[in-house]
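Right, one structure below, let's go through it.
Naming follows writing order (A, B and C), and every chain is counted from residue 1.
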Amino acid sequence: MRRLFSYVIVALLASVPLWLGDPYILNAFITTGIFTIAAMSLNLLLGYTGQLSLGHVAFFGIGAYVSALTSLGFDVELFEGFHVVHEPWPVVYGFLLAIVFAGLCGYLVGKLSFRVRGAYFVIVTISFAEVVRLVALNWVELTQGPLALTSIPPFTLGLPGLGYVNLYGKAGNYYLVLGVGLVAYIVIKHLVQSRIGRAMIALKENESLAVSIGINVTAYLVLAAVVSAAIAGAAGSLYAHYLRIIDPDIFLFLYTVTMVIMVITGGKGTLAGPVVGGAIFGAIPVIVRSFAAPEVQWILYGAFMIAIIFVLPQGIVPAIERWFPRGPIKQPRVASQSAASVE
Amino acid sequence: MTGAPALTIEHVAVHFGGLVAIADMNFVVNEGELLSLIGPNGAGKTTAFNVITGFLKPSAGEVRYRGTSLNGLKPHQVASLGLVRTFQRTSVFRAHSVFDNVLTGLHLSGRSTLLDTLLRLPRERQSERELRETTWDILHLVGIGKHAHEQAGSLPYGDQRLLGVALALAAKPSMLLLDEPVSGMNASETGRFMRLLGKLRERGMTILLVEHDMPMVMGVSDRIVVLNYGRIIAEGEPAAIRENPEVIRAYLGQAGAKRAAHA
Amino acid sequence: MAEFLQHIANTLILGGTYALLGIGLTLIFGIMRVVNFTHGELYTFGAYFIFLVISVLGLNFLLALPVAIIAGLLLGALIELLLLRPMRDADIDTTMLVMIGAMIVMQNSEQLVWGGVAKSVSTPFPETPLVMGPVSVSYLRAFVLLMALLLIVATYILINRTKLGKAMRATFQDRDTASLMGVNVQAIYTATFAIGSSLAAAAGALLGPAYVISPHMGDIASLKAFAIVILGGLGNVTGATIGGFILALAEELGAGYVSSGYRDAMGFLIIIAVLLIKPTGLFARAERIG
């Protein structure tokens, strides 16, 4: 039943560019989709592993810049007379490098940050994102600073039979985002429903107990950070090549807040949560734009988040799941006849 | 039944600032035996547990399991050597189902890599199937199979403690450290637990038990070690310990010991 | 050398107001264990409030300051009563998220009302600076330092010499024991949040006229406040005071001798460095506040 529902949703989403004429709304779909992917990756860290990392936008932005710079090429002088020159590469390499680089940053941040916990961890992660923003703002030679990186080439995909396609148009980008989104969703699903996922959820719930049965807490926290950062980096790359212009504002705290809101209101620790949250918070600006200033959008975001925390603290998806519960676990015939029980 | 030394604790001491939690602890648990660690409250039993399982660093001394030194090892490393403990208070993952608790506990038995997991390759799927089957085996061994899809936190107390043991068993221990497993249990629950202990012993499990329930301790132990004020004051078989004047004095105090002697 | 002395003078002035920010947060963070993201917004509020009172209502600058502090007190109490009190049993993550939500609402409301263009406040002080040897300081900034020091001393007296302060210290040490001894912990929480917020508002009211006022100034202020709290140790008012000056010094020297663009990064680098090296802070004395 749930499976069918998922397929219907995906089919519906796939059909959108075919009937949606308004480019503004299609654009909203695309950017919302990109942020939803980032939200899904944050959910891995926040929802499943229980780490309130509020610097997530750093990975998103790093992915964007790495991808853009790889495809644009650059020439920087690291110190006296020593230049690092990079020739432009195809966008696909930028995408892959964004994933790798962001994942690497996730590893470093994970290894360093998980030494502190609780509120201090939150503060460290926010600080990390701010430092990255300031670097992007000030290392003008590499990043153009506030003048922004412009003319970023769009994605180029080689399709069999059709040759190379440059995704300048919205429809192409829409399908690209949808495709990456589905892959990300499936990868995350595989991860959280596996032995590794169970270890992450266990250490969130009771760390001492998890450790006593052999779960290496630090290793799994770092793993979650790496996978989470890598996916965020992928989303960042999509963003850079869709908008084709990025500036250090991409690292602003309010983008992390957007992702956090999507995860929390949708339902942290659930697969569908970030998607539902993404849909709602992507829709709000579209609905609001016609009658109110952009600030109102954010006020609604904040108010809505507070309301959800007060009313449905687990988020929307768990509340819905309470109405459509899963059935009991099926017992395999083999085991029930073996091993005498103590009862 | 009992064989070579499995766990050796040598000159272990634990100081917290000026406070001496454990003075100089030396004892051995042999393969396949059930050794109980008893003593009045505050004697240092849980501290000893925490030291052995890597949750606490000793100020001095060494703990060895089957020849490997446990000093400096993190708790998850100790567990992977085969030494698994239970906890007195939260002994289960309360928000998980009973089934998921044990399935999670089988963590160390998994065989697939990260790539297998992310792409759900056949090896991962096969591993999952095996883990799920083993989960049912353990649930039935411990006797809580009928609660499989209930939430752990909502189980009756006795069943929760049994689940705690099931969880520990899932980690494939060769030695179990049980921290006051029957505290708070009624007579019939304690009886069930003792039957489970019997089954584990039949399978050759080495067990270190910390308990206050004297009849139970006397009933199941091969040997008993008595701690008081961070020191071992007696060691031996249950019958000998029961008569030991030091032990009686430790539990009942001087006056109580005199009364007991004249009773 | 002269340049160095000028940096020191700037540090003293900036440090005083930073100390106010830090003390406010260390009280809240320390006693209530709340990661207060609205702290920066109270700072912004203080600045806009004084702008409102002086430019729009035409009130005297010297009178406007206490009014701003009282307004901060009231706003803080309101936030605590509406948002934190109902959440008192929730875990730290949930409360943090509520505070973030409140921060977004406050910041964007300010932007909606005042617009994004920076405002500046006129003050009654002469334009020409006070020159003492190689160091020049504007009268306004000297006044700011004086007021900041006054408020710091007042806070000290409050924490260490009054009944309220005693109750706050007791709650910080052990909430349950304090409540058993008759302390109304809920009321103390409201008072703590109100006082902490009023200090942030005071810092904003003092620094606002010295620089410019914009809706986003709170973000950086929040983070700097956290840096100061981490430097000084949770709940440690003395530590926060010293931390405020240390941060100001790091910023001044960083901006002067390294690069002015990275001035604001100093705070964050300090946070990251301290937390990784000595997570309990440089002056951690966890047993008591004051």
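FYI, contacts are C-beta pairs under 8 Å (C-beta built on N, C-alpha and C of every residue); 3 or more make two chains touch, one makes a residue touch a chain.
Everything numeric in this text was worked out from a predicted model, so none of it was measured.
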### Message
Using the touch definition from the top, how many steps at minimum link subunit B to subunit C?
### Response
2
### Chain at maximum distance from subunit B, centres defined as averaged CA atoms
C
### Query
How many Å are there between the centre of subunit B and the centre of subunit C, using C-alpha atoms for each centre?
50
## Note on the structure
Averaging C-alpha coordinates per chain, one finds the centres of subunit A and subunit C separated by a number of Å equal to 33
### Message
How many angstrom lie between the centres of subunit A and subunit B, each centre taken as the mean Cα position?
### Response
42
### Message
I need the residues of subunit A touching at least two other chains; which ones are they?
### Response
none
### Query
Out of subunit C, which residues touch more than one other chain, so two or more?
none
### Message
Which residues of subunit A touch subunit B once you look at their complex with the stated criterion?
### Response
187, 190-191, 194-196, 198-199, 201-202, 205-206, 208-209, 211-217, 223, 328-329, 331-332, 334-336, 338-343
### Query
What does subunit A use to touch subunit C in their complex?
52, 112, 115-116, 118-120, 122-124, 126-128, 130-131, 134, 137-138, 253-254, 257, 260-261, 264, 293, 295-296, 298-299, 301-303, 305-306, 309-310, 313
### Message
Under the definition above, what is the set of subunit B residues touching subunit A in their complex?
### Response
53, 55, 74-77, 79-80, 84-87, 90-97, 99-100, 103-108, 110, 112, 114, 117-120, 124, 127-128, 131-133, 136-137, 140-143, 145-146, 148-149, 167-168, 170-171, 192, 195-196, 199
### Task
Please name which positions on subunit C make contact with subunit A in the complex.
29, 33, 35, 83, 86-87, 90, 92-94, 96-98, 100-105, 107-109, 111-112, 219, 223, 226-227, 230, 259, 261-262, 264-265, 267-269, 271-272, 275-276, 279
